[in-house]
Amino acid sequence: MPYVNIKVTGGKEAPTAAQKAELIKRTTQMLFDVLGKKPSTTVVVIDEVDLDNWGMGGEVISVYRAKAAAEAKG
Amino acid sequence: MPYVNIKVTGGKEAPTAAQKAELIKRTTQMLFDVLGKKPSTTVVVIDEVDLDNWGMGGEVISVYRAKAAAEAKG
Amino acid sequence: MPYVNIKVTGGKEAPTAAQKAELIKRTTQMLFDVLGKKPSTTVVVIDEVDLDNWGMGGEVISVYRAKAAAEAKG
Amino acid sequence: MPYVNIKVTGGKEAPTAAQKAELIKRTTQMLFDVLGKKPSTTVVVIDEVDLDNWGMGGEVISVYRAKAAAEAKG
Amino acid sequence: MPYVNIKVTGGKEAPTAAQKAELIKRTTQMLFDVLGKKPSTTVVVIDEVDLDNWGMGGEVISVYRAKAAAEAKG
Amino acid sequence: MPYVNIKVTGGKEAPTAAQKAELIKRTTQMLFDVLGKKPSTTVVVIDEVDLDNWGMGGEVISVYRAKAAAEAKG
């Protein structure tokens, strides 16, 4: 009966159908293992968010990543 | 002033424009009938979710339905 | 299999248990009537939001309502 | 560490990439200014909702706006 | 950078702090294992929903469960 | 007509009523400045999330912060 919403970047980074099936399977299993929730009524919804529509650190995610990579290089 | 979000499967199962208008109308009416909420400020947002992105019972919804149908047949 | 989230004001305006049961019943019926969705797997989650945490028109909802009432009186 | 979700109408009304970047920047700055939240971990997700999927006042948004415009003209 | 929202029943059924920590750990690990998402920026938010505020099959969840249990007994 | 949901940590870190009013005001102003959205129909909902219910980097947020602080000290 739990409801889980997973938001990840989409477009060229979108998960494959097999990866989405794996996320659904493992999320449902986790809720059974940790909380004893009956798998039959666990609902999982995956949202794929465009790279332009996701921000972190005040920047669109693509810019955020480029800066983080530059910093890591020093 | 209530906010309602309705998530249903999309793609080939997506509701028509007329069905979406009907969901908006009935949801708003319900909030007036049950809670006395003024219709003018009730907001309804409908999300259409790809079949691959919806899971139930640990399976992608298409697989879940096929199994449920098989079980029903015995 | 649809998922519906209803957000209304809580605290002293919170719906009663009977009103919440009615919202769940009518929402599920609506999705069957309009889209043919099987009631057994429709999930409804109601969130009660504190009056201080809800804004409209750039104001906290209590201030928004007081102004709207004043305007209505002219 | 805050998480902000902004839903606006999409399609022909969709914000441009530059407008989305501006929303992300200003939202993150606001959370720093008002609550002192460290910008580096603030997440912003923008959802663009089809005009057919957004309702207000019991109507699909396009109908709602047409009526509001007609009323304003009087 | 993914964002995951987990909704479960709260109140007397609320997960313990240790269970919540375990959900956060496993969800983050899953997103690394399945999609290669860097754990440091994965955000998980757990919502505990009152039993009165959760509906399934057109009923408040407590009634839904009582009926399901009665049916199972035959 | 936009809808904005802001999630921040609550409990002892909860924003004050004045801070929440400021978030609502600035969010609504931002949507007018950047996208020209009419303030009167912009809705903002603020959720306060318990520290135990928020995870980042695979840890409950309090643990995540303690580790980040320790690392910063070196």
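We just call them A, B, C, D, E and F in the order they show up, numbering each chain from 1.
We adopt the following convention: a residue touches a chain if its C-beta (ideal position, glycine included) is under 8 Å from a C-beta of that chain, and two chains touch if they have at least 3 such contacts.
Bear in mind that the values here come from a model prediction, so they are computed numbers and not experimental data.
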item: Smallest count of steps, each to a touching chain, taking chain A to chain E; value: 1
item: Equivalent of A-E within the choices B-C, A-D or B-F, defined by over half of its residue contact pairs recurring; value: B-C
item: More contacts between chains, A-C or A-D; value: A-D
item: Chain B and chain D, separation of their C-alpha mean positions in angstrom; value: 22
item: Averaged-CA centre spacing for the pair chain F and chain D, given as whole angstrom; value: 16
item: Separation of mean Cα positions, chain E and chain D [Å, integer]; value: 28
item: Residues of chain C engaged with two or more neighbouring chains; value: 1, 3, 7, 23, 27, 41, 43, 45, 54, 56
item: Chains touching one another, given as label pairs in label order; value: A-B, A-C, A-D, A-E, B-C, B-D, B-F, C-E, C-F, D-E, D-F, E-F
item: For the chain C and chain F complex, residues of the former touching the latter; value: 7, 49, 52-60, 63
item: Touch list for chain C against partner chain E, complex; value: 17, 20-21, 23-25, 27-29, 39-48
item: Chain F to chain B touching residues, read off their complex; value: 1, 3, 41, 43, 45
item: Residue numbers on chain A that touch chain E, as the complex places them; value: 1-9, 15, 19, 22-23, 26-27, 30-31, 34-35, 37, 41, 54, 56, 61
